[in-house]
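In what follows, chain A forms one complex with chain B and a second complex with chain C.
Moving on to the complex of A and B:
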């Protein structure tokens, strides 16, 4: 589903990604782990098409299409979803209005009819219930005044509505207590399908106790320096990133 | 549509009302003089008292002009206006005194239909009575008979002068005297037409009353005058819209609107202002210099202004309320959008005179392109206004980094028992917000529209439904291309 080849990207002229290779197939869950500043979030944002990042070389194919040639909204319409590390607030814009507009754009791109307000209201209520989110939040401004947990749950709600093929979850566990973490993880698992794939970007291993990856990749200084199965995550948890970095001839935290 | 019109429509890029109606018009020769004032008054077959009033206003204006008393305090800039270069009257020929549609020029009917205000009986908007003003004259007023059955008077001001001189004489200039300000003096001297509404005691007007102002003639100014009186315990909701052809010269629109509410009466006055804003380089467009004021003369009465200002090269207007009656309420809800080289200096004055009077000001300014937007407001609590309250909220939204937003609130409190609150915010439509929306499948343009609609929601929701839709559409059109 996703094939990244020798991807280099920079922001403000500083190279952050220095040659990423990664392949994720349908039905798989991959974790990208790494210390702060290693380029994890950059990778997530580059895949989603954030305009501040410039891809300097490499290629990415998504479902057979040249992902890098598509605008961010086109990537979303084709089923790429990014759960933001820091979801954005939009004062005055009601969450349900916002989400219905996006949902209908996705439907239109699939030649489906737009969904009317009443049907969508039923859909959003059902999905909110599924992920145990208070439906009253959907009548408030997008993320405005939401707690950290509410923001993450809101990302999950949007994912539930949009039913993406590729789910990129950037630090989905940050700011969550253990109960909230478990219920968000339950939501992630419940929404997974054999046709979808998941890319979990995380600093800590703990989310991987709940959302079990098929593969784990360690990203340090803009490169994947080691890949393995879920045991690798456990190893990082006990020994930290330093041994892996040293083995790759790098200092951790992306700098020396 | 002719090919010439098509080209024009393409050129306007977003301004959909920029065509010219091909109709023969009679205009006053350019220039301002006592003769012109007399000519306009004679044209309208006015009584002597009105001519005298016009002449007093004219002399006052000429004095202000000589003394260089043009207002310069607003945060707008434009070359000096040559008051001798424009024509003060333009009307379609032959002079139309219309009782039936048959006498309205077909071209003019088509114009209003294109503007979305069909005047033919079968096509009219349900629940709305319309006064159609074309350059200096009212060409048609709909639903007059229906309204007359309840004693409601809805006509052009010119007609009201003839049919109800006692009302016009009593109230004209009673809220905005001709000496009020520079442009009010000019308007009082040369005003041509506008709408007149009187709601008798205890009557709730069953229709939305509205006036649509269209500037068509080249080289002329439009000086309309609107007067609305809500007698004791009555209610009326009024809406005005406006548009003008796309031209590369500036045209002056200097209107005066006066509202009066007696005890327990309420007037809701809404404006969707869409005068031609000029091109992207600031060439052409309407100078919209308007004085609007309401007087809550009676106790427990209420005046509410709602405005969506998307057009004009320059907007200079401060719809205000004199809160004279005890417990009276004044409201001002405003959205002002500037794009291209547009300039807006708009806001309100709430003058608390009576006891327990209250006012609410919600202003939403949107600045894009090289636009410059200023909120200017005065909340004045006079010594006898015990228990007066005001709440003000001014929000500014910036799109891009070449535009400006300014907030100039004045607060004068002379009664210690009053309460005045002021909140203000400035935000930017950020790249992050747009990207977030794109990540959910929306285009950058759609994202921006949603963000703007969210920003103005508190104001737009106060408009009647079909006009709220129109207002949102206009905001969208006027911002096309603002986010790259």
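Moving on to the complex of A and C:
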């Protein structure tokens, strides 16, 4: 489904991604782990098409298409979804209006009819219930005044509504307590299908206890320095990133 | 004779012709009101000076002054007009429609006037509002009209007000009797046919008198059927009695070639509350002068506005809030969206007179610039002559947040819709200040349609 080959990307002229190779197939869950500042969010944002990040070389194919040639909205319409590490607040834009606009734009791109307000309202309520989110939040401005956990749930709600093929979840567990983490993880698992794939981007291993990965990749200083199975996540949990970084001849970027 | 004198002379000639034709039935006070106004206009002239002309320093009306607008041809029958695009999402109860300045009975809720019925409208309704024509009210010499017409937008309000008054024959007269609450919105619709071959001038006039403890919502709309150039010189006078609660929404969607100059004067008695919302989605050159006189303690005014600049549109909002007494409050929020080569001007003047203690006055103007060619000028003018007051003002000019733009796109929303949603979010606060559900919905749809049309 997703094939990344020797991907280099810069922001403001500074190279952050220094040659990423990764292949994710349908039905798989991969985890990208790495210390703060190693480039995890950069990778996620580059895949989603953030204009501030410049791809300087390499290629990415998504479902056979050249992903890097597509604008962010086109990537989303083809089934790529990014759950943001820091979802933005948009004063004045009602969440349900935003959700419906996105849903209908995706439908239109598939030559399907737009869904009217009443039907969509029912859809929102059903999906919110599935992921145990208070549907009243959708009458408020997008993320405005939401708690950290509510913002993450809102990302999940959008994912539930858009039913993407490739789900990129950037630090989906940050700001969640244990119970919230479990229910968010349940949501992620429940929404998975054999046709979809998941890329979990995380600093901590704990989400991987709930959403079990098929493969784990360690990203340090813009490179994947080691890949393995879920045992690798457990190893990071007990020993930290330093031994992996040292073995790769690097000091881990950022803090611990 | 200078070129400028010629411009005013054209209006004087039109005035004299109008006075010769059919003004004889009007009461003397009205003829005198018009004559004095014409004299005032001739004396003052159009405010075309480009130096030492502070109120007009951002807005150049020379092309307006020099264009030879003519009176609409009143002998021509009104063609079929489909009003359905202007229907409010609620039952039609009180609706007055004027087309090119002419009352259109077949489009209005009140049937054509016949003497007896009209006198009933003005003198015998006790429990409902009076929504009638100034022409009829003047004919029957309704005391409220004589008392208020031209008294709140006097000569001091400027040449455009005088010009309107000089030609006042008809318009909308709304009176809410004491203690009456009108549940349905009162809808005053001024339509211009805007045929390109004949640039016309009309003088829409509205007088709203809200009695003691009354309550009503009035929507005043300016719509255009064509894309020709024309000149709308509108004047609205609003009088809110003690404890009255009045909401007045103005929706301006004139043609891109139109000149729209409006003057609105509000006078508020004790404990009254008046909320104005001024929405500009059309017009070529647009100027509003909105003045609120808080004449007695406990009065509160809310002034909200939103303007959408497209093409070369120029929208100038001048507001003036006069805190003449202690213990009154005003709250003002104007938001501008400026695209292409448009320009938005906001000058918010707040005067707290000596002794007007415990005044609360807030003012905010925010502009969103969507292109390099767009321009926003914002100027708060606070004059405070009392010491125990709470006055704030703020202004901001910004651009669309690229992070928000990306967030929307990442959910499949394309550039145009994403912009429309974000811009709509920016002005939603203003639309939401409209309390009446039907008028708010209608206005919101109009704003969204205008945004998506870009």
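Here is the rule we go by: the second predicted complex is superposed on the first by the 253 of 256 C-alpha atoms of A that agree within 3 Å, B and C clash if a C-alpha of one lies under 4 Å from a C-alpha of the other, contacts with A are read in each partner's own complex, and residues count from 1 in each chain.
The rule is simple: contacts are C-beta pairs under 8 Å (C-beta built on N, C-alpha and C of every residue); 3 or more make two chains touch, one makes a residue touch a chain.
Just so it is clear, the model here is predicted, and its values are computed rather than measured.
Student: May I ask you to decide whether A:72 touches chain B, chain C, both, or neither, giving the answer as first, second, both or neither?
Tutor: Touch partners of A:72: chain B and chain C.
Student: State whether A:63 touches chain B only (first), chain C only (second), both chains, or neither.
Tutor: Once the two structures are laid over each other on A, A:63 reaches no partner at all.
Student: Using the superposition on chain A as set up above, list the residues of chain A that contact both chain B and chain C.
Tutor: Touching chain B and chain C on chain A: residues 48-52, 71-73, 75-77, 81-82, 84, 87-88, 90-94, 97-99, 101-103, 105-106, 109, 141, 158, 162.
Student: Contact residues on chain B for chain A in the complex?
Tutor: Checking each residue of chain B against chain A gives 427, 430-433, 435-444, 446, 450-451, 453-458.
Student: If you look only at chain A, which of its residues touch chain B in the complex?
Tutor: Residues in contact with chain B: 48-52, 71-73, 75-77, 81-82, 84, 87-88, 90-94, 97-99, 101-103, 105-106, 109, 141, 158, 162.
Student: Going by the contact rule at the top, pick out the chain C residues touching chain A in the complex.
Tutor: Checking each residue of chain C against chain A gives 401-404, 406-415, 417-418, 421-422, 424-429.
Student: Where on chain A does chain C make contact in their complex?
Tutor: 48-52, 71-73, 75-77, 81-82, 84, 87-88, 90-94, 97-99, 101-103, 105-106, 109, 141-142, 158, 162
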